[in-house]
């Protein structure tokens, strides 16, 4: 299972607020069965890597419209295969070292 | 107030687990008065940009040791000045558009 | 045509040098018909987005081995559709504004 | 000596072309004594890390204006201290493994 952080934003749309665009691309993710968490700087998705990349590809595409002609998409894949990995376990693992 | 995502990892240390290193650099952040949240893919810090960059610079430095001779640090700054911004407000703003 | 920057590195391999791994994943890109340029911080690929993502997916996979159990892959997609875009044209466009 | 890739873009400015803004922030870098290379996806700077971060901080600040109220700045630091590192040497090191 991979853990992927993704950020998809339009460039060249007037006005500094992008939350409407973020909500639009996230609706595609919601329709999938992948588990995800919205953060202030992106969205963290976990699950099968091919399934994640397929949804992200559609999210990227969905942002284009008459008004949006340029999209900047960033994908960060953390793929660990020596042991099961989940977003929760990664955070717990750091926190445990903290408390010692 | 800026919102900054940071990821600081050592390269070339044996073994795929990095949580001990992450805990070490985060201890410097804890000693600051900046508010932060650990995610599965990085740490999100909010506050005065110069103060954040100063702590991140020290976090980066603190990872070097006899065993760690290469450090990869990534910093993503979202700096919005037309209105007050916080990590919580950014997420809320997307969620509100979701529920409509 | 999209312009994509990609960085694929193994985590947890002993020693700070990663060039052997970078050369290995790049060999897959060389076998494709995509045009690319190696920089000091990643590889910039241009062409059809689906074709690029398909090669990048294989590059990511190819790094896993008995010794490499964790791979960090970062993909940055700049997809502009209002006019033809190429890496050369993007750089030229900035340089022209410089010289004025 | 560190190798740093930086990308500084305004969010919310009308129109998909950003080259004028990129040229503006690069003018600050040109006035410094740091060596840099413009790529299609960012700018690669090499030199003393503190000096680089200080210029990048000013580049980020310089983009704000009446029209630009939100700036997205990304900084990727590759800091290797076991041996001298330069952008040219990093690329050469990969190319040598290629040709074997």
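Letters A, B, C and D mark the chains as written, and numbering starts fresh at 1 in each.
Here is the rule we go by: a contact is a pair of C-beta atoms (placed from the backbone, for glycine too) under 8 Å apart; a residue touches a chain by one contact, two chains touch by 3 or more.
Quick caveat, the model's predicted, so the values are computed rather than measured.
Look at the CA centroids: the one farthest from the centroid of chain A belongs to D. Two copies of one chain, chain B and chain C, form a contact in which over half of the residue numbers belong to both partners. Averaged C-alpha coordinates put the centre of chain A at 19 Å from the centre of chain C.
Note: centroid distance chain B to chain C, computed from Cα atoms, is 25 Å.
Centre-to-centre separation between chain A and chain B, using Cα means, comes to 17 Å.
For chain C, residues that reach two or more other chains under the stated contact definition are 11, 16-17, 69-70, 76, 78, 80, 82. Chain C makes touch with chain A in their complex at residues 11, 49-50, 53, 57, 60, 64, 69-82.
Partner chain D is touched in their complex by these residues of chain A: 9, 11-18, 69-70. Partner chain A is touched in their complex by these residues of chain B: 3, 5, 16-17, 19-20, 22-23, 26-27, 37-42, 44, 46, 76, 78, 80, 82, 86-88, 90-91, 93-98.
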